[in-house]
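Structures for review follow.
In the two complexes that follow, chain A is the common piece, with chain B as its partner first and chain C second.
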Partner chain A sequence: MSVWLDAVLILIVLLGLLIIVSHRLGSMIQIFGLQSCILGVVPFFLYANGIEFFIIIVALAAIVLRGFLMPSFLYWAIRHVDMRTEINPTIGIGTTLLLSGLAIVGSFLLASKLVFPMKIASDMVIPCSFSLIIMGFLLVIGRMKAISQVVGYLVLENGIFLFAMLLLKKMPLLVEMGILLDLFIAAVVLGIVVNNISDEFNNTDTVQLTTLKD
Partner chain B sequence: MSSLILHLGILLAFPPLLLGVITKTKAFFAGRRGAPLCQPYYDIFKLMRKGSVYSVTSNWIFRLGPLISTAVILAAGIVLPIAVFKAPVQFGGDIILFIYLLGLARFFMVLAALDTGSSFEGMGACREATFSCLSEITIFLNLTILALLSRGLSLSGIFLGGLASSWMQVGPVLILVAASFFLVLLSENSRIPVDDPETHLELTMIHEVMVLDHSGMELGCILYTQALKLFLFGSMLVSMVLGLMPRNVWGQGLYFILGILGLGVVIGVVESAMARLRLNRVLYLLYSALIFSIFALIVILVRGHV
Partner chain C sequence: MLLFLLLFPLIAGGMVFILPGRGHRNRVLLLVSLAHTLGVFSLWKSVPLSLNDFLGLDALGLLILSVVSVLFLMVAVYLMGYFKDEPDMTHRIFTGFLLLFLAFMTLVTISRHFGLLLVAIEATTLSSVPLINLVKTKQSIEATWKFLILCLIGIALALLGIYFLAVAAMGNVQSIFIDKLISHAPQLSMPWLKLSVIFLLIGCGTKMGLAPMHTWLPDAHSQAPSPVSALLSACLLNCAFLSVLRVAQVCQAAGLMPFLSSMLIVLGLISMGIAYVFILGQEDYKRMFAYSSVEHMGILALGIGLGGVGIYGSLLHAINNALSKGIAFLVTGNIYRQYHSKKVDEVHGVLRRFPATGAFLLAAFLAVSGVPVFGTFISELIILYAALAGHHYVIAAFYLLFLALIFMGIAGIVLKMAQTPPGDQETDRGGREHWSMILPILLLVLMVLLLGIYIPPALNDLLQQSSRLLGGID
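Take a look at the complex of A and B:
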């Protein structure tokens, strides 16, 4: 079972890399949706010998909310945007890729030093969640378009969710659901913001926001 | 003795067929009948019989480059085990010799291209050298991982029986290594997402632009070397994925041949399905291959499967 868990985790990190490489906003959102769906499967592998009702609920909620609703909202937000590609990122795509490669190495080294109090099904969960967090962070700081920053934020959140899954049995269901709801609201609000930016300026470049005058 | 003959026989005779399989697959996807499978052999024999034309600005380096690179790639093939047949020459650390032989072949091709004095060929040589910087590191890392897993320092130790048990323990990691190997294979052999082996007129090409001035026997050598190099990479990838054991010689040999032909079909499908990447995005492809192998290496080091 651990082998399958490893394969799923590696796939999730690789999809993160794919988000970084793709320069079309549409494909970024699609890959994010795919990544979230695969992330929703992880609890079944993590708790393979003891699947309880609330675990199924958390997994299903993650798949539906992160995998389908959020991507469709983001699509709704960019429906009027003409420039659907990320042209001038502040940190180049190649640099971001190499940095995320370093991040993967760093998180594995860091995680090998950390001691987790419980027994985990695979020792790759924590490093993979760290590297997802750093990749999302790199996307947030490195991109110009509001929508790719939102995707970056969501990738970062996926990393946090992956980590939180280790605590699924200790953490009440209510907290988990609350976090998901917060995230969903945040994505909706950001989607509306992006939509308004694009209505106002005909593009979604956040650089323009720094030169606002009344 | 018979294993030596079989090894050399496959090494010398099989590679052009791989090119034929790729062309046939591409023709199938384009809805054409396509050239016969043996067309690369006919091409090579035709070119070998023809005379060459040399520009007055070129000197002996230009004539010798393709010959040396063919010889060097053949030497690299002698170090590599093919299917279940042990390499005729093997010693601890021949991984490094293998990679540097590939580098030497490229060095002479680059020199020959620069020798023509044409700026167009110089550009191609520059690109070839640039991209090979990244792919060489990746090959080194991949072979290091395989050496760590199989506890063998020679290519024969790695590819003959050392890896079959690793698939059970660290399968996902080996898939990463295989993916990285496949990307490097595409870039090193100038297949489509990186370079188009069919065109001779476009500005984004890499390998083809270096060999524009060669003709006759030298061009035949270049074509053969190209096939040989693709075969060497494909043979490494296939032996790694299949995890061959040197027990049942004929069964495993057949398995290997089918694997190689399957790889040809896969390359053909990739070439039919994808367009060539823009030149600056080729770099991302190579970065990804590098990151795949770094990822695999760090997992294996942290896990302590060594």
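Take a look at the complex of A and C:
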């Protein structure tokens, strides 16, 4: 099983890189949806020997919410505005890609120093989750479109979700809490604000949000 | 009682959404905040108390809860005369979310579980969004967007920190209830705990407005309606400070305090430095006070980082800072109402045209910059003493330097606003000032003056208890 798990994890990180290199907002969202769906499968591999009912629920919830609901919601949001591509990111796409590469290396180095107090099915879960978190962070600070920033935030959350999977059996309450938390945030508030921004500015480019300066 | 404090504003907040009539809603707001304050002070004799594993109140929580409650009451009084011609729906949403905001801040102070604490902090972020974005202009949307995306990232990182904490606790402790973590702290896995502390500090520090994660703060404070800025600055930042204190409690028990202290001192000094840079020549008076919040959050972090009496000083400063920020932002509300501008250059002769507001503006300036007789002076002095007692002379020097520079920076701006003669077309006497916009500020000024000359024994007790929880000496 470990081989399959490793393959899935590598795929998730590669999809993260693919999000970073894509210019079109639409494809970013689609790839994010795909990544989340694959992420939803991880618990099955991780707990292949003892699948319990609530693990299935958590996995399905992740697939439905992150893989389908959120992408379609974001799609709905970009349909309201004309802009479809990310132009002039603050940090260039090439640079972001390079930084992500470094982040992946760094994550593996860091993870090799940390001893997880429990046996995990694969050594790659922790470094992959760290890489996703850093990639999401780079997207948020490197992009200008509100939507790309939201996608970046969601990729970051995917990374945290991946890490949370390790705690699923020991501390289920905590994991469920985390899932509910980001569901609540992402769906309601970001939507409202993105909508507000598009009403007021006609597109969701945060470059225009620069009247407040010192 | 705890449940009452939590549920009463929550239910009232829900009710206000459907309650017709502005007057009714205002009265509900006032009643709830009064009841909340009375409720909180009735608990002063009975800490620590715990309701169940998740909810309980210790001295630290009570301290912050009292500050939140008093400031909220003052703002509620202030709001009686604040809204005149906003649409009914806006008022409905505003009052409703204001009460929810109070409920969630109460939840922050009474959480005894790190997960619940995080959820509560998140809820305060979400419930303050409609408050900041009340008047939908381009600037306020920009401010809200920055506030949201930064606080969300902060919370996400704090969530990761909490997962790390859970990993650290996996061996023996098995849960992340605050009490249990403290009593079993030595058994936590240290590398994971360190990682967790870093992430929690970054996450909560973002919400607290510590530089360099502070960039949302000046925008949100300057764009929100003034009473909301007062609440953000005096209550919300203190709630975030409390979450940092919870982390410090665990570090203290686990013997990781030196690790946390060094980070807090560095962040504190950076915050003070950045605040100075941006206060200097600031054109927007609300932004100026917002940067002063960054400075004072830096002082709080510094005090905790220095340890010893610094902790007592820092907690006292949290109260003083909340009171003086309450004065400052409510005064800016008065000024904005009369001058319709946030620009320093367009505000002249406040002292001549609006004597009460002008006097309060000067009081706000003196209180914020910690001039003797005001409470802030005492607490800043205690923190300085802590630095000297610990032989941290370089830190003390930087601390004094920044305090002096910021004092001069704010003085230049405020004195210009207060004393330049009114322009030609401006009448000598401005419009009348509503009582509700004077009384709460007056009370706050009296409180901060009182704390400057006399600390009530009950408060002193509470401060000492809280400081002991963090390993400070009295």
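Throughout what follows, the second predicted complex is superposed on the first by the 199 of 214 C-alpha atoms of A that agree within 3 Å, B and C clash if a C-alpha of one lies under 4 Å from a C-alpha of the other, contacts with A are read in each partner's own complex, and residues count from 1 in each chain.
As a working rule, contacts are C-beta pairs under 8 Å (C-beta built on N, C-alpha and C of every residue); 3 or more make two chains touch, one makes a residue touch a chain.
In this text the structure is predicted, and so the values were computed from the model without any measurement.
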- [ ] Could you look at A:163 and tell me whether it touches chain B, chain C, both or neither (first, second, both, neither)?
- [x] second
Task: Which of chain B and chain C A:173 touches, first, second, both or neither - done: second
Open item on the list: According to the stated criteria, A:60 is in contact with first (chain B), second (chain C), both, or neither; which is it?
Closed with: neither
Open item on the list: Output check: A:153 vs chain B and chain C. Expected answer is one of first, second, both, neither. What do you get?
Closed with: second
Task: Partner chain in contact with A:133 - chain B first, chain C second, else both or neither - done: second
TODO: Considering only touches as defined above, state whether A:113 meets chain B (first), chain C (second), both or neither.
DONE: second
- [ ] Count the residues of chain A touched by chain B and by chain C, then name the partner with the higher count.
- [x] C
- [ ] Answer with first, second, both or neither: which of chain B and chain C does A:13 touch in the superposed model?
- [x] first
Open item on the list: According to the stated criteria, A:93 is in contact with first (chain B), second (chain C), both, or neither; which is it?
Closed with: first
TODO: Figure out whether A:104 sits in contact with chain B (first) or chain C (second), or with both, or with neither.
DONE: first
Task: Residue ranges of chain A in contact with chain B within the complex - done: 3, 6-7, 10, 13-14, 17, 21, 93-94, 97-98, 100-101, 104-105, 108-109, 111-112, 123-124, 127
Open item on the list: Going by the contact rule set out above, which residues of chain C touch chain A in the complex?
Closed with: 115, 118-119, 122, 126, 129, 133, 136-139, 141-146, 148-149, 152-153, 155-156, 159-160, 162-163, 166-167, 170-171, 174-176, 189, 191-192, 195, 218-219, 222-223, 278, 282, 287
Task: Footprint of chain A on chain B - complex, ascending - done: 169-173, 175-176, 283-284, 287-288, 290-292, 294-295, 298-299, 302-303
Open item on the list: If we count contacts the way the header does, which residues on chain A are in touch with chain C in the complex?
Closed with: 113-118, 133, 137, 140, 146, 149, 153, 156-157, 160, 163-164, 166-167, 170-171, 173-174, 177-178, 181-182, 184-185, 188-190, 192-193, 196-197, 200-201, 206, 208-212, 214
